[in-house]
Amino acid sequence: MSTIVIGLSMGMLLFLLAAGLTLIFGMLRVINFAHGSLYMLGAYLAFQMVSVTGSFWAGLVAAPIIAAIIGALMERIALRPVYDRDHVYQLLLTFGFILVLDEAVRIIWGLEYKQMYPPELFAGAIEMFGSSVPSYRLFIIGFGAAVSAALFFMLDRSRYGMIIRAASGDPEMVRTLGINVSLVRTGVFSFGAGLAALGGAVAGPLFPIELGMGFNIIIDSFIVVIIGGLGNIRGAVMAALLIGMTRALGYSYAPSWVDFLTFILLIGTLILRPEGLFSRKGRTA
Amino acid sequence: MSLLEMQNCDVFYGKAQALHDVSISVEEGEIVSLIGRNGAGKSTLLKAIMGLNPIASGKRMYDGRDATRLSTEMLGRSGIAYVPEDRRIFATLNVDENLRIATVMGREGAWNLERVYDLFPRLKERMTSRGDTLSGGEQQMLAVGRGLLTNPELLLLDEPTEGLAPLVVEDLIKAMALINAEGVAILLVEQNLKVPLKLAKRQYLIDNGHIRWSGKTEDLLAEREKIEGLISL
Amino acid sequence: DEPESFKIGAVLPFSGPYGIIGKGMKQGAQLAIEMRGGEVLGKPVEVTWEDSETKPQPAVQKATRLISSGAQMIFGAASSASTAALQGITEQRKIPLLVTISADDKITRANGYRYTFRTSNTLGMEIRMALEFTKAAGLKKVYGVGADYAVTRDGWDAYKAAAEEAGVEIVGIDYPPLGNRDYSVIIDKISKTDADGVILIVTGSDGVTFLKQAGQAGLGKNKVLFGPVLQDEVLAAAVGPDAVGAASGVRYHYSLDNPANKAFVEAYRAKYNEWPDSFAGEAFDGMSWFLDAVDSTNSWDREEWVKAFEGSVRENSVEGRKEMRACDHQALQVGLWGVVEKGEAPYPDLKMKITNIFQPDVLFPACEE
Amino acid sequence: MNAIAEKNSILRCEDIEVSYGAFKAVSNVSYDFKPGLLYGLIGPNGAGKTTLMNALSGRAKLSKGRVFLNDQEITGKSPHARTWAGLGRSFQITQIFAEMTVFENLRLAAQAHRFRLQPFWRPVGKFKEIANDAERVLSEIGLEGFGHVNAGSLSHGDQRALEIGLALLSEPKVLLLDEPLAGVGHDVVETAVELIRKVSQGRTVLLIEHNMDVVMEISDEIIVMLAGEVLASGEAETIKRDPRVRTAYLGEEE
Amino acid sequence: MNAQRFLALIVAIIISVPLLFPGGHNIGLVNAILIWSIFAIGFDLVFGIAGMLSFGHAAFFGVGAYTLSLLTMRMGWDFLPALGAAGVIGGALALVFSYFAIRVSGLFFALLTLALSQLIYIMAGTKLRMLTGGVDGIAGVPRPDLFGIDFYDDGNYYFFLLALFVLALLISGLIRISPLGQALKAIKSNEVRAEQIGFNVQRLQRSVFTISGIYAGVSGGLLASLIFYVGPQMLHWSTSGDVVIMVLLGGMGSLFGPILGVAIFEIMREWLSMQTSHWYGILGLVFIICTIGMPKGIAGLIIQLWDRIMPGGKS
């Protein structure tokens, strides 16, 4: 029973880490390898806010906002000129972003580990089903659910999501309808960057805040995105929970096979449903 | 005053010139058609009007103002709608969304979702299908419907009847007449000459990137022999 | 003929996962050279610092260039993989390789690498320290968590056998993958057992993550968390207050009470205005010792240096007596064990307190073969 | 045409069905196509014409039924295997190699037809026969001067011509043409129709077209589809008079 | 001289630095460039010609390295047959990958290959540690023992690598202009049409994927012998990322572009890291500027400049 709660929290955490990537990947068709770096930046920014203001919540709010501004700049300056080219050039760019962001973090905060703690409100552990579950984990479940609901409404239901999806296929045609595609794209990238940082801020109290922290999560995030189906927020939530549960069970019974299981799940999905568990395919003729 | 005026426009693809010193005008509320053989430059001109092809030299006047420098989205917002020859349906959006996206900018006018569905009942049946699963003709209907839903002052139609069944073509001709009667100007490109001859009061003949002839439809029919020699219609 | 200068090629991680290590090593080694007047064999010492990126390929590529431009020795990488790769080239070129941080036992094996010398700890000895600690702390039931790779598995097997022999009950063992980020299920599992001690054979970020998450679940309240290389001051700072009470092997510590160390710490603080971490201390110690050995030969023949270093004894190292064993080029030394406690100025907020010092004879098995 | 070929069918489908979810785009279609005839396939938009063609050429998966080419079952075979078996097609939505020249486009089709294994030890320019095939078709489709033009920068109508040319190069016994005249200039419709006539010599052609004048004129037999099923089939005159076809598709034209 | 020849000349100059300046300290760097170039040339067959973005080539590269190391060190094979086996195993693994991955296209292909190669990476680091030495890898990988030449001398090894590099370049050049290369370009351009005119798309994609796996396996084996070491790092997806970057930087789909990309990448890494400790960030800026300013990579830029300076001399 407690495994389920923990699995749920692991899944939601994964979702929060991957949400920004899903968004940018699904909407702009950009594989944002710098997602991990933005996530790391979010953690450092949150740490900084916490050490200045003493409030976890200040960090949780400020880090995404600052990262979103940085994301907007990245999009305006670098990404915008290459949309018309083959998608792979965006890869090169985002690789460049990784190096630049990492360097910036190194210059600003140095190499030492930084730390953050859960807010007062969620500091202790709660007895549940005979286990003590850290209440911060419960916070993550709730927070993840809220973020996913918000994203779901933004993307699948609203006209905003419609524009983004249309523009990912044929931006020119969207322009003829009088819609400012560039602005929308900047918005999406910036929002995705903010989400990445949000993930970092939420993860801060759980993981060491260090330079390499972004490098590791990117693969996890990819797995969520793939299993969920491109840019499909509902799919991403489902996938994250599925992985969270799988991992929780894995840790209970065979910890050394956990990574393995995750990949088997991924490869299995891709073989059975190459487009991901939650997407549909079009026709070609 | 003309609604749209293109003055002495040159358009290039790379180094190749596709339009030479082209001037055309569309008056408010009229139907004008542009005819010419394959590769004459018709689509190129429509795209240039819509800001999708840069105008190397020349001027675009819209609503009495110089619109040469306006971007595609500004032109769209000021009331020009474009129905491209290759339809360009949004593949990942369903039929309903493909239509609704055209209403995002919220221009007031006579067209709304219901009217489009009345015009093309087939679209209503396929409302929840993704754009890229539609048949060719369904996509064509959708492209026209999407153009209408922006409630334009000027509608650029590039071969709108291509791939449509005869019955639907009839409906579309009626609809165009109706749209026009409601005050929308139309610039029509067609291969199927029946349609422009029936609808348009004025014609432009384009060949090899040059406007070779322009005038009333009656004159076109009367001077047919001469013009045929000119551009081998 | 004698070269103009004594060239040292230093290939250290200044970036990548171990990037944090490079700085301390560089400062320690620099100080070692400075404190001997910047000279060896009567010639100025010239060090070229290169970034190994914590990756084997750049490490070897840079070492190759350093050697071909006349480096007399290589001062080596931090990760075991990079070190192993460097050993390939240094053995090939017959250039001494000084290792002061990598702990993999294989790096110094009997009749193994002629040109490799390690002056720092091995993981094997650290595991044995953990065992001694288990006994000293009177733990009865122990649960194990080890990062899933060969060295830890071997270490665990050794620990388990010896612990069981000493009457300690082994409750369980889990091997989550290296670089694991979520220990919550394992922590929950352990908290439901009646183990009184948890041995964590993990290091770096993995250890930090575990301790952070264990702290939130309150695992440390009734169980002793300890491990061979679980904590030092850098890592404790990353964990925060939840680290207090965690016990760990310590490679070097500035609080060691001996004249050599006092002099070193004083000079280090004067120069860099910070406490030397274990990377700095070990680098200082190894570099000083090696250069002394070279100096003692009065020769530019590298074979002479190898011979001189082999079997040399350093009575006054910063960690007390050290002896370079000839059979495997591993320095025999005492083992330091400590626990994280709250510190006050001028010390960091969290500091290690050395609680046990184990003697070499219980930590190093005899050289096999 | 000998007597046996008259009797046998060259392409036959038995009760085929294509469904997308609950929606049946094609159902209950059984038809025998005789060698050497030109079939016109008409019907309202969305009736399932293209989908039927997809089913025959292997692009759409059958949920039911079987397809035979020359009495060989080809159900489930991939499109390229069907091409080798003698089935060529053009697409309603132009499918060309846009960033290559027109000549390269044609040369590729010729190469695909000539080699099963693509040799890698000789430059492609050294294979004369391929270049000759390409040149021949280039003039057949009336794009002589355009060999060195990038296919993507051809006008829409010229791309349609290239589309047919690509299908021709596989020397198909059965040729499926999906609205080849769509977008073809008024002045060249005659030429295009001539081209279709010419290429239909000695092969079976299935032609989807909304240009009724053309279909009625050149088809030997006409098949009308409605809502995924075959509504009627027969000679042009019969079809023209069929009231069901008039209400569903043709309208009350003068 | 046309632009292509000019490019060839630049490449020739870079790789003949050790001949032009014997006794320099850059021979290790040039050797690494030769090896990575073989990898990149093979990778570009898949990436630049067939248009398949693979993020799994690290697997073939790394497996080649392990194959060579294990066969020479544990089985006592000679170097050359072991190198051949590295290529064969690299190619075979690529073939296996292709059966899984070719079912999907575009970004999914990239991600699926990435996932498969990460699986290999995890296996090598943990479950196969008896064979691979786990995360610590295997040190002491040998170099060839041929004609009594001491290939442990980097200067001599250079010639061995040069010969293989030239061979790899020739084969790739031939493939590009052969019917196979054309067919692959067709598939990249329009898969639907390619299949309809009779190309067996999947088989062709599998073939080129396998060929490039062979390139990767051989180059991986060579790298292991160059640095006397093989470890799971070579299998990590970031190795795939490196080769993608190199090829993009140099210019995908061109014969010499990938080589230029490799050279620039390696030289910058070596040179910049000597200049400043902030070299990482600077390298990142260079990537960004190159992407924005050079739509066709360095090779594209050079061709453009050449055509501008030498008008009329079009290739």
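As written, the chains take the letters A, B, C, D and E, and residue 1 is the first residue of each chain.
Everything below uses one rule, namely that a residue touches a chain if its C-beta (ideal position, glycine included) is under 8 Å from a C-beta of that chain, and two chains touch if they have at least 3 such contacts.
Chain identities (UniProt): A, E = Branched-chain amino acid ABC transporter permease; B, D = ATP-binding cassette domain-containing protein.
Only a predicted model underlies this, so the values are computations on that prediction, with no experimental measurement involved.
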{"item": "Taking each chain's C-alpha mean as its centre, the one farthest from subunit B", "value": "C"}
{"item": "Far-end chain from subunit A, centres as C-alpha averages", "value": "D"}
{"item": "Averaged-CA centre spacing for the pair subunit D and subunit B, given as whole angstrom", "value": "29"}
{"item": "Centre-of-Cα separation between subunit E and subunit A, whole angstrom", "value": "31"}
{"item": "Chain centre separation in whole Å, for subunit C relative to subunit A (CA means)", "value": "36"}
{"item": "Chain centre separation (subunit C, subunit D; CA means) in Å", "value": "74"}
{"item": "Residues of subunit B whose C-beta touches two or more other chains", "value": "133"}
{"item": "For subunit A, residues contacting two or more additional chains", "value": "106, 256, 259, 284-285"}
{"item": "Residues of subunit D whose C-beta touches two or more other chains", "value": "50, 59, 91-93, 95"}
{"item": "Subunit A-touching residues of subunit C, taken from the complex the two chains share", "value": "16-17, 19-20, 23, 148, 174-177, 179-186, 188-189, 191-192, 205, 208-209, 212-213, 216-218, 234-235, 237-240"}
{"item": "Touch list for subunit B against partner subunit A, complex", "value": "50, 52, 71-77, 80-82, 84, 88, 90-93, 97-98, 100-102, 104-105, 107, 130-133, 146, 150"}
{"item": "Touch list for subunit A against partner subunit B, complex", "value": "159, 162-163, 165-166, 168-170, 172-181, 280, 282-283"}
{"item": "Complex contact set, residues of subunit B against subunit D", "value": "13, 16, 35, 37-40, 43, 85-86, 122, 125-126, 133-138, 140-141, 159, 162-170, 191-193, 232-233"}
{"item": "Complex contacts: residues of subunit A adjacent to subunit E", "value": "25, 29, 31, 33, 78, 81-82, 85, 87-89, 91-93, 95-104, 106-107, 215, 219, 222-223, 225-226, 230, 256, 259-260, 263-264, 266-267, 270-271, 274-275, 284-285"}
